[in-house]
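Alright, structures below, take your time with them.
Presented sequentially are two complexes of subunit A, the first with subunit B as partner and the second with subunit C.
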Partner chain A sequence: MKGAAGLWRFLLSELKPKGSLFTPFNLVSVPIMIAAAVILYIRFTHGLSAVTNLSQEVPWGLWKGLNVVTGVAFAGGAYVVTFLVYVLGQKRYHSIVRITVLNGFLAYVFYAGALLLDLGRPWKVINPIIGNSFGVSSVLFLVAWHFMLYMMAAFVEFSPAVAEWLGLRRLRRTLAALTLGAVVFGVTLSMLHQSGLGALFLMAKGKIHPLWYSEFIPLHFFVSSVFAGLSLVIFEGTLSRRVFRSRMSEEHHAHHDDIVLGLSKICAATMFAYLFLKVLDLVHGQKTGLLGTPMGHWYLVEIVGFVLVPMALFTEAVRWRSLWLAKTGAILTMLGIVLNRLNVSIVGFRWTEPVRYVPTPYEVVVTLGVIFAEIWVLRWVINRMPVLSESPAWVREEAAQPAIAERVAA
Partner chain B sequence: MNRRGFLKTLGLAGATVACPRMSGAAEPESGVEPYGILVDTTLCAGCNSCTYACAEANGLPEPEDPEAVTKPTTDQWTAVKTWKTSKGDVSVKRQCMHCVSPACHSACLTSALDKTAEGPVVWREDKCMGCRFCMISCPFDGPKFEYSSTKPRIRKCVMCADRLRKGGEPACVENCPEGALTFGKRGDLLRTAHKRIADQPDKYVDHIYGEREVGGTSWLYLAGVPFEELGFPTDVGEKPYPELTASFLYSVPMVLTLAPALMLGVARATHRDEDETAGEAANDGAANGGEEERS
Partner chain C sequence: MKTIISDPFATKGIEYLIVLGYLAAVPLFWRYLNGNPLLAPSRVLAAQRKVLSGWFRLPETASYHPGHSWASAAGRGRFRVGLDDFAQKLLGRAAEIALPDLGTRLAKGAPAWALNVDGHRFELPAPLSGRVVARNEAVLRDPGVLNGDPYGAGWLLEIEAPRWNSGAGSLLRGGRAKEWLARAEAALRLRMNPEVGAVLQDGGVPVPGIARALSEEGWDDLARDLLTLE
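On to the complex of A and B.
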């Protein structure tokens, strides 16, 4: 292990950017992040009304609807992939565990963190945590606690990579031993807060258009978080193969096609289940008559164009082993998730009001700024830690030993 | 840390997260019979005396043009709107309904919105973090939020909770010149209202708004025309709103206990297989990279 001073110097040197600063991504993202920071300064010095279009009728806007509700759905890949690898023992997905967990963890940090920007009284955010005022009958209480605990679980899942980066051998072994526990805990929490995000809207009955309101909305949110998360994994993998080609291990390259097609299969299956739930809700809730209205057409666009079509694409992708079809399916699915979450939280919310909520450009800039900030941190970590690349040699040498010991004992 | 240690932690965390009090405090536990206010819209003249009295009693800015304000706002907790109905103009005072089982209280993750035993639903400044989930959940749009403030508060009628505690009446009731507002125990008010309907069946529709809506509200309304004509939400149902989330919350402890057990079992089963075949199971630290030599 390095000395403390050595470690410090190492950390300082790692803060420096790697690669060119003037990439197209940087040129777009930096001005937006700066603008977002300015807008947030105004928001905190002049109140929410200075930059948002929120009203007494529509108290949750783009920051909650897109960053929190949609962003967290996309983070669902982490619990699905860790479940596959550590609980079901599907080792072929092993090479994408770290990138997925990292993505999930950062999504929670930034998107659940975006909640703070939207809170009117953020200095009181500690209240539901320290227990001087537990609102235990609140779905939001549950969601907030699960966000927090899940962030910890996801960090534990990712932490061996940090230890490898810092060269902390003993710590790595301890952290690695926690992985299964963290995964099991994390999957449980994810099931509950993905559905919990849907349950937030249960009491908005009568405010949300009946085509999007359902007593089964927690189940809809949970099931759709599976294919939302996996579609992001597929999409993200495509980008990574271009952007981080040099950082990618051979294992990662070798398994890429199989992984994409395997995930496509899971997407297709869960989307089928989701469609079934939606049709059930439509028929059982006697809402089919609403399909002829303008909102009904919009509903059909979402369900047919962005669930049924990508489901078919995924199915065909598996059949023809076509990566291209799988990736198209993933992109359509992601758009569908954005549509669905915004339809529930914004478009279908108070659909009868004469003055509809439309986000201000400021709200849009902040939303983009949060997303870019997450990508910046993601990129910083990928460029330094063994996320896509192989673990250092010492890790693999060590990994062989306990297995041998266990076999002897058995 | 081993599996057992982990399970212990899980148990502790589960106990804190998984045992919510399920319903949103529907029944008064103290045995105090809650108060209510009966509004007889057939008597209301729309004079806005209640609006002025409310502002004075609660330290709100004096209403400049209360007739222009048709919905309660952050600065004007009571609003009288005149509706064109099948029986001519009818004025209706609206404010927070002070539900018997308030959605806002059950929604609030810090218990900032508190249902008092006497009936009023009050907001507690030291608790609230400004998430506005109460506003999403309230079927009557009761809570209003100060968007333009850097220290925003939730503002709404508090049914003069302080005056009630001192044995007084809400300011609006005290200052109504037409006797359209009656203060009393909710049970008594319901009896009064039913009697009025029975005595003058031609004057009133046979419906007390708030008797059963959303499980009952502290504010009760009598009217001569159907309540749809007066802008009352008639699709809110008779189930208390907190029950809409109750079944979800009930399932939480179950998932928290069953899912980990199931998953650990499955993991154990699949990993034992691997011990015999691949021999690489114990160290699960997600070491990146295959077993092959690096080039």
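On to the complex of A and C.
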């Protein structure tokens, strides 16, 4: 690429769509995103009450419960997979690192970014970072810093792919050298903030139904983020194989079955540990008597139907080497995570109030709009950068340079 | 039930029982999860294996490292190690084989020997950790011995392995070794014909130096890729 003008021309050419515009996904997602943009315009000009059912009593609704709390759990795949590949040396997962990190990064940008929609004065979100008012006594101070730092770490982890796309060789070398540090930093931050999100709910003791409130909620959030993230990786991998088949490298195709079954095994083992924590919490908190109540039945649906059953499916998937069982387990697990996070943040929140919070259709449209926008960006990046496809030839040549130098020296 | 759960001592007792029960269940669950798969790797892979089995020898007397080396007990804490059939057929005849000196300490998975094939150097890993106590001089004089009998006369080194820390226990054997080789074969088949699946050519016998037969240019990278698949 020759100079800034060449780079600019290249970027403009890359903005053009690749492929048909009239796909079923586009036809569904575009109207929803446009509607979401209109609703958000009203929200920022007329305030939250114009489009949401939020109030002083129920300040956290669907946008936080689904986009922020649940979306971040699904981003957990990035730190688990990078930990497996770069720290534990499990190279067989290498082919899914980029797509997982990209997924995690975009999940943070969009879902943590969705926090801004919910804030009464969104322009003040920068305060904990710049020190105008750090607010160090708030758990949100930790959440803000974790989110910001993790987004930076995830971007550094993904950035070699951007440099490869732009053909910036020297920059790619520098960024690739930063990868391991970013991974270690990112894994540490992820472990802290997945549990930190749970710690937010410690502030609401007494407002959350006892079956979902626990002193161990940070631990529950952390452990469940492992199988939440990996289930998304399994599910997303299945979709990618259909949608981006032509862009996938041979390595990706060849390893797919083993990767899915390996991740299923990790999911099964983590869910086994999670169930133990949940049962122990139930007895320790003397909550077993509540299982006979309607909320107790709902709790059992979540634990049995969406933790125990998918755990059994993952286990059998590993034993039977069945991709179908693994995918079914992944879908059930994802539904279970949505259920759990919504139970904690909405269903079980102020459950004694006579008038319960129910999101408005506008809130639902915005939530879907944010999810579709993330998928659009994800698709744009995959279609242009070496995410599922192999790195360009010059990267492989550079990687082979030391070996050539060695041969010459010999 | 209500009286039991509201009594803190009884509650603690139940907690202890749950913890003990789970601790007892962990090894059972783990064994169940890691038990031999009840089905072959997948129908596709099984079909490929059916077609391709017989391409590469995999004697049950040896244990295998995913880096395509084998180890076989030679008594008195010693192991004979070498290059497997897959690797030697993939690379073909080497012009020269470089072996480590006697007394060298090898680490499992770290490069142990190198083959020079048509000016390309391939470093391959040791299957075990240990100290080199013998080298096969016949292979050094005539590398073709390795291609003729990789598990017999073509052995490369004898290693004296520490009893506890050699890594021999985690080598692949039996069903796991067959599965691993099936995966390696499947990966090789993908490179041969990524689109149409198993065809007539799969029924043939591989030529020595498969990698070069597949791709004249960049065959060394192809071979490296296939040799490092786990």
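By definition in this document, the second predicted complex is superposed on the first by the 399 of 410 C-alpha atoms of A that agree within 3 Å, B and C clash if a C-alpha of one lies under 4 Å from a C-alpha of the other, contacts with A are read in each partner's own complex, and residues count from 1 in each chain.
Keep in mind that, in the parts below, a residue touches a chain if its C-beta (ideal position, glycine included) is under 8 Å from a C-beta of that chain, and two chains touch if they have at least 3 such contacts.
Just so we're clear, the structure is a prediction, and the values are computed from it rather than from any experiment.
K.L.:
Considering only the touch criterion stated at the top, classify A:317 as touching first (subunit B), second (subunit C), both, or neither.
P.N.:
neither
K.L.:
More residues of subunit A are touched by which chain, subunit B or subunit C?
P.N.:
It is B that touches the greater number of subunit A residues.
K.L.:
Considering only the touch criterion stated at the top, classify A:119 as touching first (subunit B), second (subunit C), both, or neither.
P.N.:
So A:119 only meets subunit B here.
K.L.:
Have a look at where A:258 lands relative to subunit B and subunit C in the superposition and call it first, second, both or neither.
P.N.:
In the superposition, A:258 contacts subunit C only.
K.L.:
Which holds for A:334: it touches subunit B only (first), subunit C only (second), both, or neither?
P.N.:
Touch status of A:334: no partner.
K.L.:
Does the superposition put A:267 against subunit B (first), subunit C (second), both, or neither?
P.N.:
Neither partner.
K.L.:
Using the touch definition from the top, say if A:396 reaches subunit B (first), subunit C (second), both or neither.
P.N.:
After superposing on A, A:396 lies in contact with both subunit B and subunit C.
K.L.:
I'd like to know which partner A:60 touches here: subunit B for first, subunit C for second, both or neither.
P.N.:
In the superposition, A:60 contacts subunit B only.
K.L.:
Under the stated touch criterion, which partner chain does A:32 make contact with: subunit B (first), subunit C (second), both, or neither?
P.N.:
Neither subunit B nor subunit C is touched by A:32.
K.L.:
Could you look at A:92 and tell me whether it touches subunit B, subunit C, both or neither (first, second, both, neither)?
P.N.:
In the superposition, A:92 touches subunit C alone.
K.L.:
Can you pull the subunit A residues that subunit B and subunit C both touch?
P.N.:
The overlap between the subunit B and subunit C interfaces on subunit A comprises residues 91, 250-251, 254, 396, 400, 403, 406-407, 410.
K.L.:
Applying the document's contact rule, which stretches of subunit A touch subunit B when the two form their complex?
P.N.:
Where subunit A meets subunit B, its residues are 44-50, 52, 54-57, 59-60, 83, 86-89, 91, 94-95, 97-98, 101, 115, 118-122, 124-125, 127-128, 132-142, 144-146, 149, 157, 160-161, 172-181, 183-185, 187-188, 191-192, 195-196, 199-207, 215, 218, 249-251, 254, 386-391, 393, 395-396, 398-400, 402-407, 410.
K.L.:
Contact residues on subunit B for subunit A in the complex?
P.N.:
Of all residues in subunit B, those touching subunit A are 1-3, 6-7, 10, 13, 16-17, 19-25, 71, 73, 103, 105-112, 126-133, 135-137, 139, 141, 144-152, 233, 235-237, 241-242, 244-245, 248-249, 252, 255-256, 259-260, 263-264, 266-267, 270-271, 273-275, 278-292, 294-295.
K.L.:
Can you check the complex and tell me which residues of subunit A touch subunit C?
P.N.:
Interface residues on subunit A, with respect to subunit C: 91-92, 250-251, 253-254, 257-258, 265, 268-269, 272, 276, 279-280, 283-284, 286, 288-289, 315, 318-323, 396, 400, 403, 406-407, 410.
K.L.:
What residues on subunit C touch subunit A, complex-wise?
P.N.:
1-2, 5-6, 11, 14-15, 18-19, 22, 26, 29-30, 32-35, 37-42, 45, 119-121, 183, 186-187, 190-191, 194, 221, 225, 228-230
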